[in-house]
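Below: a set of structures, written as C-alpha cells.
The same subunit A turns up in both complexes below, where it pairs with subunit B and then with subunit C.
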Partner chain A sequence: MRSIPYAGQIRGVVFVAALASLPSFNLAHWSINIAVFTLMFAVMSSAWNLFGGFTGYPSLGHAAFFGIGAYTLGLWFEHHAVTTGYEPFLMLPLVGLFAGLIGVVLGAIALRTRADVFAIVTITLLFVVQTLAFNLRGLTHGAQGLALPIPPFAAATFERPFYYVLVALLAATMAITYLTMRSKLGLSLAAVRADEDKARGVGVRTLGVKLLTFSVSVGITAMVGGIWAYYESFIYPQFAIDPLITIGMVLMTFLGGRGTLWGPVIGALILETAQQTLAYELGGSEYYLIAYALVFLLVMLLMPQGIVPSIQSVVRRRRRRAVVDAPGPPPSASSSDRTDVLTRDAVVVEGPR
Partner chain B sequence: MHALIQGLILGVLTAGVYALMASGQTLIFGVMKVVNLAQGAMVILSAYLAYGLFTSFGVDPLLAIPVTTVAMFILGVAVQLAFLRPLHDEDRSELSLLVTFAVALLIEGFMSVTWRTTDRSINTSYANSSWSVGGYQITLVRLWAFLLSIAALGVLLLLLNRTRFGRAIRATVQNPESARLLGVESNRVSAIGFGLGTATAAAAGSIYGLLYPFNPGSHYDLISRLLSIVVLGGLGSIAGAIVGALIVSTSSAVVAATISPAWSEMTFFVILILVLLLRPQGIFGTTGRGAI
Partner chain C sequence: MAALLEVEGLAKTFGSLRAVDGASLAVEPHSITALIGPNGSGKTTLFNLITGYLSPDSGHVRFDGRDVTGANPGRLYRRGLSRTFQQARVFPQLTVQENLTVAAGYSWAQLFGRRMSAADRERVARLLEEFRMAHVADLFASELSYGQRKLLEFAAVLMSSPKLVLLDEPTAGVNPVMIATMEQHIRERHAAGVTFLIVEHDMPVVMRLCDPVVVLDQGREIFTGPPQAVQTNPLVLDAYLGA
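Up next, the complex of A and B:
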C-alpha cells in the first residue's frame, strides 16, 4: 500500500465508472431494482453521515425530509404535465433546496439541544410530519395516498434513468463529503464532535457549521425521496415517512464507519442487498423485523467502530510494524520512511476520521 | 365550554398513566444517561402480557400488575446486562440510543409474530360503566387507571426516597463518581435502575391496555409522546415527568374535544417547540447534573 498520487480521486472515478457501466450488462429487472434501492440508501446514508457522522449529533428525523421531498415532487406534478419523463429529475435540485430551507428553520430550533435531546426532538419531528401527511387531506390526500405521473419509459429499460440519476447523486454526495473532509469545515465539524464547548471557545462558528451541514444533508435526503416517489408512482404517508428509513440510514453508516467517505456506501451495499434478500426469503415482514433488529444489535456490540475504521487501524498497525521490522536497509532511508508514516498518521488523527 | 371542561377532566385522568411511563423513562436516564427508545415497546409488550393473562386465565389487568412488573423487571435487567453494559464509555450515549431502538424493533417483531398485527383491546366487565357528575362523563376505567397510576407512582417514590437502595440510586444520579467512592456499586445500580424503569413501564402497560386498543406498532405513537413529556419536564426529573404528563395530556385532550381529534397528536409537538425555544433544558431540568 504505497501512496499513489491522487489515489483517492482515482478510486472514486473507477467506482463511479463501474457503477455507471452496470446496466449495460443487461441485468434482470429484479436485480437492477435491488441496485436502485441500494443506491438510494447509499446516497442517504452518505448524506446522514455528512451531518450525523461528522458532528456526532444522532439525527433520527431524516426520514421526515425523505417524505417532504417525496410529497414536494408529487404535489408539484399534480399540476404540471410530464411529457419526456425527465422533468421530475430536473426538478430535483429545487426539491433539495426547498427541503434544505425547511431544514435550516427546523434545525435552528432542534440544534438548541445536545446529543440525546436532539435525537428525541428529531424523532418527534418524524412522527409530526407523518401526522401532517395523514391529516392535511386537502393537500396530501391523507391515507388515500398521492398519485404521481407514470414515467413514460420503455418497459425494457424502465429502471435505467432512475439508476443513472442516483449514480450521479451518489457521486455528488461523495464529492461533497470528500471536499468537506479536506477543508476547514471538516476540521470545524470534527472539533464540534470532540468537544463543542471548547470548539466554540477557540472561535469555531459551531451553530453555523452545524446548520449548514444539516441543511445540505436533509436536502440530499429529500432529493432521494423525490426520486423514490417518482419511481413508485404512488405514495402513502406511512411509507414515505417511515422510521425504518431513518434506521436504515443510521445503521448503514454505523456498519461501514461513521465519519468516513466510503463507510456509508459500503454499509449500504452490504445491508440493503442483505435486507432485500431477507425480505424476499422471509416473506412476512414480522420475522424480517426480528432478523433486522438482531443484525443491528450485533453490529453495535461487535463493531461499534464500523468496517472502514477497523480495517484502517489494522492496515496502519501492519504498516508501522513493516517499517520497524524492515531488514537491513540503510538507516537513513529507514528513518525517513518512519517519519513519513508518522506524519501520515498525524494527519489522519488530526482531521476528521 | 362544556367540551372544554370535559376535555380537562379526561386529560387529567389520562395524565396518570403517562406520568407513570415517563417516570420510568426519566429514571433510566437519570441513572444511566441512556434514553430508552424501547420504553414504548415495553409498555405495549406488558399490555399484551396483561391481555394474555386476561383472555387465558381471566385475570383482571389491574390484578395482573404484580406479575407483569416482575416479568418486565427481569427483562429490563437482562437488556441492560446483554446490550447496554458492553458499550464503551466514549460513545455510550450515541450508541445506546441505537441499541434501545433495535430492542424496540426486536420487541415489535416478537409481538407481531406472537399476537399478529390486528388491534387488540382488553374488554373487562366494567369497561363501559361510567358516572355522570354534574353533566360530565367520568368512566370507571379511567378513574381506576388514574388512581392506580398514582398508587404505582407512590410506590416508586417510596422506593427511591425511603430505602437504602433508593438512596444509592439517587446518589448515582447526583454524582456517580462520589457515589462509587462511597461504596455504591454502580454496575448493580445501573442494572437494577434500568429494571425499575421497565417495571414502571409494565405497570403503565397494564393500565394502558385497559384504556386504549393497541397493536405492535402502537409503540411509535407512544414513544414520541413519552419523549416529548420527558424533554418538556427536563430529563432526569420525576417531578418534571409528572408535570410534563399533565401538560401534554390535558392540552391534547382539550384540543381533541374542542377542535378535532386528528390534531391532538400535533399539540405536544407545538408545546415541545415552544419549550425548546424558551427553555431548552426543560421545565425542571438543570444544565448540570440533576437530582431525582
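Up next, the complex of A and C:
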C-alpha cells in the first residue's frame, strides 16, 4: 500500500517539464495567449491558497497587490530604459519584496479582524488602492493609463519570455506551498484554520504565521501583476485593480480545493482556459459568462469541497476499506507516509469559515 | 515558599455584569488547587483572565515570580502556564499525533523544520503511551469520542512541559471510566511535579483529588481551605443552596 517514494516531487517535475515544452509545439498565438493568462491565474490562485487556503482567511484584497505590482513595475520603467527586454523580469523579485513589505504593514492592520469582517476590510483595501490609482494623477496618470516600454521580442515568439517566466514563478510558488505543507509552519497554519483561539493558547505564533504567509502571498501576486503590466504594455486603474481578478483567484482555489497543493492549479487550468476559450468561441457577445458560470456551478454542486479534496477522500475511504478487508494484523501505528501530508487538509469537516 | 500563581483583586465587567469582581487566590507549587462555585460565579472568566484570553479591568496576575497581567496566551504557554477548555477543544482536521506536535511551543527557527521530525514522533509516542492512546495516533481528532478528545486536549498541553496546568472541568460530560482515567493522569503528572488549578463540578472528584479548595461566588472568592472544611462552611452552603 505504500506510495512510491518521491512521487510528489516526480509529479511536480513532470508537470513543470510538460508546461515548459508546450511552446515548442508552435501553437497559434491565440492559444499561447490563453496559456499565458491561465498560468497567471495558476500562480495567483496558488499564492492566494498559500494564505487564504491554509489559514481560512477569505482575503478579497489580493487584486490590490496585483495592481501595486503592475504600477510599481510600470513606474520604475517610466524612468529606466529597457534594451534587451528582460530587465522588467529581473526587477520582479524587487517588486515582490516591495509589495510583501506593504503586505506586512496592511496585514498587521487587516489581520486584527476575522472571517466576514476580514473579507470586507480587504475588499475595501482593494477599492482604496483603485481609487488612489485613479486619483494620484501626478504619479499614475489616472484614468489616462500608464504606458510601459514595448517588449522588443520577435513577433513570432513574442509570448514565450512571459510564458517561461510564469512557468518558473508557478514552479517556485508550488515549491513554497509544498515546503510549507511539510513544515511546522504548515502545521501551525492548519491549527489557525481549525481553531485560532485554541491555537493561540497552545503557543502557536498565530499572528506571526498569518503575517508571514500573507506577505509572501501578496508578494507573489504583485509579481504576476508586474508580468501582466509588461505583457499588456498599457495599464489602466480599472483593469490593474479589478475585483474580478480577486474573485477569479478565490473561485479557482475553491474549485480545485483549498489547502491543497494541486487544487488551485487545477482550478485555474479548468476555469481560465474555459473562460478564455468560450470567449473566443462565443465571440464578443457575453454568452461565455453564462457557460463559465455553468462550469463552476456544476463542479460546486457535485464536489462542494473542491476537486482535489473530493478525489482524495474517495481514495482515503478506499484505502481504509482495503486495510479492513485485508487479512492479517492491522497496519502499525506509524503508517503516516508522505501522501498523508498531502491529503491531510483534504479530509476536512467543513468549518464555519 | 512563594505561590506559583498569585491573583490579586482581579475584576472584569461585561456591560453591567460584574463577571469577576475583585477575586484573589494563590496556587502553591505542587498543589492541586480546586476552583469551585455555582454556575455563573465567574470561574471560566477568571481562567480567561489568568491565561490572557481576556484582559482584566483591574487587578494583577503573577506567575512564577513575574507580573503577567494581560500577557498573550501564547507567551504564557511557552513560559509554562497552560490550560484546557470547558468544551474539549482540539484541532479536528489534524491527526492525534499532529494535535500533540503542534502544541509543543516552537521558536521561529523551528517553524521551518519538518512538520513531524523523528524527535517529535518519539516524544509524541511516549506521551500517547502514557495516555494509552497509541492505537489512535493516526486518526483525525474529529474521529475520536468526546472523552478521548478531552484526554487528547489534556495530553497536548503537556507537550510544553508546563509548570502549571489549568483544567476547566476535566471530567464534565465523560463516562465514569473516563473520569477515573482522567483522575489517574492528573495524579501521575502531579507526582511528576506539575501544579494544577482545576475547575470542577464533580464534588467526589474534588474531595479525592484537590487540596486546597477555593470557592468563588459572584466573582469573588468566599472561602479557601481543605476539602473537608468546604462541606461544612456556612458561606459555601449559602452560595450553593441560597440563604
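Observations, loosely collected:
Basically, the second predicted complex is superposed on the first by the 298 of 353 C-alpha atoms of A that agree within 3 Å, B and C clash if a C-alpha of one lies under 4 Å from a C-alpha of the other, contacts with A are read in each partner's own complex, and residues count from 1 in each chain.
Heads up, the rule we're going with is that a contact is a pair of C-beta atoms (placed from the backbone, for glycine too) under 8 Å apart; a residue touches a chain by one contact, two chains touch by 3 or more.
Since we're looking at a predicted model, the values are computed, not measured.
In the superposition on chain A, A:P151 makes contact with neither subunit B nor subunit C.
Using the contact criterion defined above for the overlaid structures, shared-chain residue A:V202 touches subunit C, although it does not reach subunit B. Contacts of A:A194 after superposition on the shared chain: subunit C is touched, whereas subunit B is not. Of the two partner chains placed around the shared chain by superposition, subunit C is the only one that A:R182 touches, whereas subunit B remains out of contact. When both complexes are overlaid on chain A, the residue A:A115 reaches subunit B alone and has no touch with subunit C.
Contacts of A:G85 after superposition: neither subunit B nor subunit C is touched.
When the two complexes are overlaid on their common chain A, residue A:F254 makes contact with subunit B while staying clear of subunit C. Partner subunit A is touched in their complex by these residues of subunit B: 29, 33, 35, 37, 83, 86-88, 91, 93-95, 97-99, 101-103, 105-106, 108-110, 112-113, 117, 220-221, 223-224, 227-228, 230-231, 235, 262-263, 265-266, 268-269, 272-273, 276-277, 280.
Contact residues of subunit A toward subunit B in the complex are 56, 58, 60, 109-110, 112-113, 115-117, 119-121, 123-128, 131-132, 134-135, 243, 247, 250-251, 254, 285-290, 292-294, 296-297, 300-301, 304. The touching residues of subunit C, when paired with subunit A in their complex, are 51, 53, 72-74, 77-78, 82-83, 85, 89-95, 97-98, 101-106, 108, 110-116, 121, 134-135, 137-138, 140, 142, 156-157, 159-160. Put simply, subunit A touches subunit C in their complex at residues 181-188, 190-191, 193-195, 197-206, 208-209, 333-336, 340-341, 344-345, 347-349, 351.
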